[in-house]
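Before anything else, here's the structure in question.
As written, the chain order gives the labels A, B, C and D, with residue 1 at the start of each chain.
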């Protein structure tokens, strides 16, 4: 009799964060192999670009990663601006940075909630959503919608931020550390949580680099690469922040790094709010984006999104439509490294390790 | 930007302003770039494929975590057959599957190549400029 | 029970019906009482659980159907009853159908054993503790049957986990029960309650000499109930719904009913063993103060005893819910480790300590 | 070691329990609606008297959801809400502010055909 169970986890499964299919081979509860199958959420983001003008494609880039719309939006705008040789006003860059960092907090909060749900704790999910809701309301007030913002435009942002809004942001960042310390009280020291995450899913730095894993997952493996620091885009060069890093390499390290990163983001937001309150400037360099024609060339923008390195490659042939747009996202490579991490672990560690990698499927399938 | 004269002596390459164009064995070049300490390109961030009508251009985007430099290596494929770099960078597996799926390039040395996003029964390779979908059942094809 | 029996026979004799008829039909009365109570208590419990979990997560919980959302569970029950019973392709039809009943019937039997007050003991045996623990282990057979018969791998894994879990958590329960039996020198639940009666009111409860045993049995009960953090057999994020993945309609409702009925009766059992059962927390019956010269004083006291037991039970149920809201799920291996390495030795030591306590403080083991 | 673990568990339970005294955050949606911010993006609204039929909205729409037809003495406006992604491009790029993002976000209808909105500047069915 064959002892090996072949289990199809997904595409419809409560904890595959979308529609991922994992073909798992189990011996009892022990995992022998895992094979990720992706593509159930493929929307043809790259083909869509080729049939649309630059401005028409702008709202669509928000959909590449629905939890980090500002990152994708920034990557696309940045590439277009670099191809056009347009200077973006400093105020606009600060607003963009502020939005991106708030977005990073929102994204990490959602990750924390769903990760804890994967581990079986239900309350943190609601607390995280409560705090994330505040951020989304702030975004709604600023941009008009909660998730699909369409706020960054070529040359700046769509409209200026109001002082009232900035006050709301500062009151939010004054409150968030209390919530974070609440999460830490529930989670960080909890022996069951430690048991599920310590030394589970060890991602060695060499493996991480081989598989091109980036972002918090890479930093949890002890490689200190943060594109905000090493290749400062936007105005990240002007603000002070520390890179959160841990060399434990396991799921617990990934948790610690993300919690630390939320605090770092708060610092950056604080500085951005301070700048925006004290300096007034133009928020938009006017370009004729209606009949935008980009000179021939190609550019790749490097953005540190909440799930790793986000590249937007644009090749232009001088026509109003982009010749080729290519998205490189963090989750895409995190999914690929999953089989390496869970070999030999138990079946319920598969879910815990997968949850700790912070994968969302729209970003993988695009 | 790095000094590429050493590489251009060793390999037969041209240097563009944003990328170096490789006319030689891509595996040897990548291995050289990866293992030489002064470059140490230990991460292949992604492989971009562009349909140039005459052929397909593959851009290998390399990053060195220790030296903090990026390098784009370009290779033009003309007969739909490329060399797989999975041996050098394991992360290339998904990329190559995607390029096979979208551009129809076969990768020599990648044994487990399959369609990544589109169903196995899909006809054609969507990101080619010559691709035309005639399946009228699809709602978006109106 | 004697009082109820007496009333019934009196009632029949008044209507000129022979006593033999009363003897035969009398068992139906406790049965009906238990059946009605199960339905009522489960409906309340499900609502309560949802409300309490909402309370912990700053939500309102169900509040649409009826005042305070009171009819929500009734609506859910009606919905479940109306749903189609889906027959799974390739399932073992007979076992598949009988499994929910195998789970539900022992739970119902358990309800008869608990002494709700000094009068309402439906099944009063001299070895009720032994009977209780043997019946409480029966539902797992139904769970294993359901997992085997469902022809689904998720169900199978869930059933396997449940089997392993029950086996390893029965043993510590046994040892703790032994120490309780030693403390009260009886296996009859009513006698156990009486042995907690004394001058010190609350201080005479078994929970004080046997606090370690109480904690152990509380943890083990959680495991036996398949509740968080031991909900591995029905781990939502891993096994979809575990052993009842393939069940629908009435069959699922039976599983659901059994789960909550078991939870309630386990809490009542714990309250009986450790918290003085139906004895009043105040040390003196409140009815004795208000109705001291009423001829129905015994009746009032019976109902007051029932009320005290309910209060204790609901406090324990509340604790179950608090644990569920906070803790993540244990891993499969640490689940076993916790039982075999920690709880079992601890319960043995506890047993020895209790025997010594009993011998020296109370003079003699019997 | 063991006590630390116990302390962490008890602290966690206490933190969760503490939340039961905080303010409820549930919003009972159909009865209580959220205050919408000033520049909220809902379904696009068309104002015929301002429209000059320049067709920029058609050009910038990423989903081909807007259609403007210029007749002899009237302008026809068509919007397919099943395609519209409410990105606001049409409103932001309209030179005369003839399209404005309304505050209406409840777009559920019984039939798909009701999602196609058609307006004519001749009929005064607009406000």
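Everything below uses one rule, namely that a contact is a pair of C-beta atoms (placed from the backbone, for glycine too) under 8 Å apart; a residue touches a chain by one contact, two chains touch by 3 or more.
If you're wondering where the values come from, they're calculated on a predicted model, not measured in any experiment.
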{"item": "Comparison of C-D and A-C by number of C-beta pairs in contact, larger one", "value": "A-C"}
{"item": "Intercentroid distance (Cα basis), subunit D paired with subunit C, Å", "value": "50"}
{"item": "Interchain centroid distance [CA atoms averaged], subunit A/subunit C, Å", "value": "46"}
{"item": "Between subunit B and subunit C, centroid-to-centroid distance (C-alpha), Å", "value": "63"}
{"item": "Centroid spacing, where centroids are CA-atom means, of subunit B and subunit D in whole angstrom", "value": "40"}
{"item": "Residues of subunit B engaged with two or more neighbouring chains", "value": "none"}
{"item": "Residues of subunit A whose C-beta touches two or more other chains", "value": "123, 127, 130, 186, 190"}
{"item": "For subunit D, residues that touch 2 or more chains besides their own", "value": "9, 12, 15-16, 19, 25"}
{"item": "Pairs of chains, among all present, that meet the touch criterion", "value": "A-B, A-C, A-D, C-D"}
{"item": "Contacting residues of subunit B [partner subunit A, same complex]", "value": "18, 42-46, 48-51, 59, 61, 65, 68, 70, 72, 89-91, 93-94, 102, 115-119, 126-127, 129"}
{"item": "Subunit A to subunit B touching residues, read off their complex", "value": "38-39, 42, 44, 46-47, 50, 209-214, 223, 225, 230-231, 298-300, 302, 309, 311, 313, 315, 323-324, 326, 328, 332-333, 335-336, 365"}
{"item": "Residues of subunit A that touch subunit D when the two form their complex", "value": "52-53, 55-60, 123, 127, 130, 133, 140-141, 143-145, 148, 150, 158-159, 182, 185-187, 189-191, 290"}
{"item": "Contact footprint of subunit C on subunit A as seen in their complex", "value": "5, 7, 13-15, 26, 28-29, 116-123, 126-127, 130, 186, 190, 192-193, 195-196, 346-352"}
{"item": "Footprint of subunit A on subunit C - complex, ascending", "value": "53, 56-59, 153-154, 156-157, 160-161, 228-229, 231-232, 235-238, 240, 324-334"}
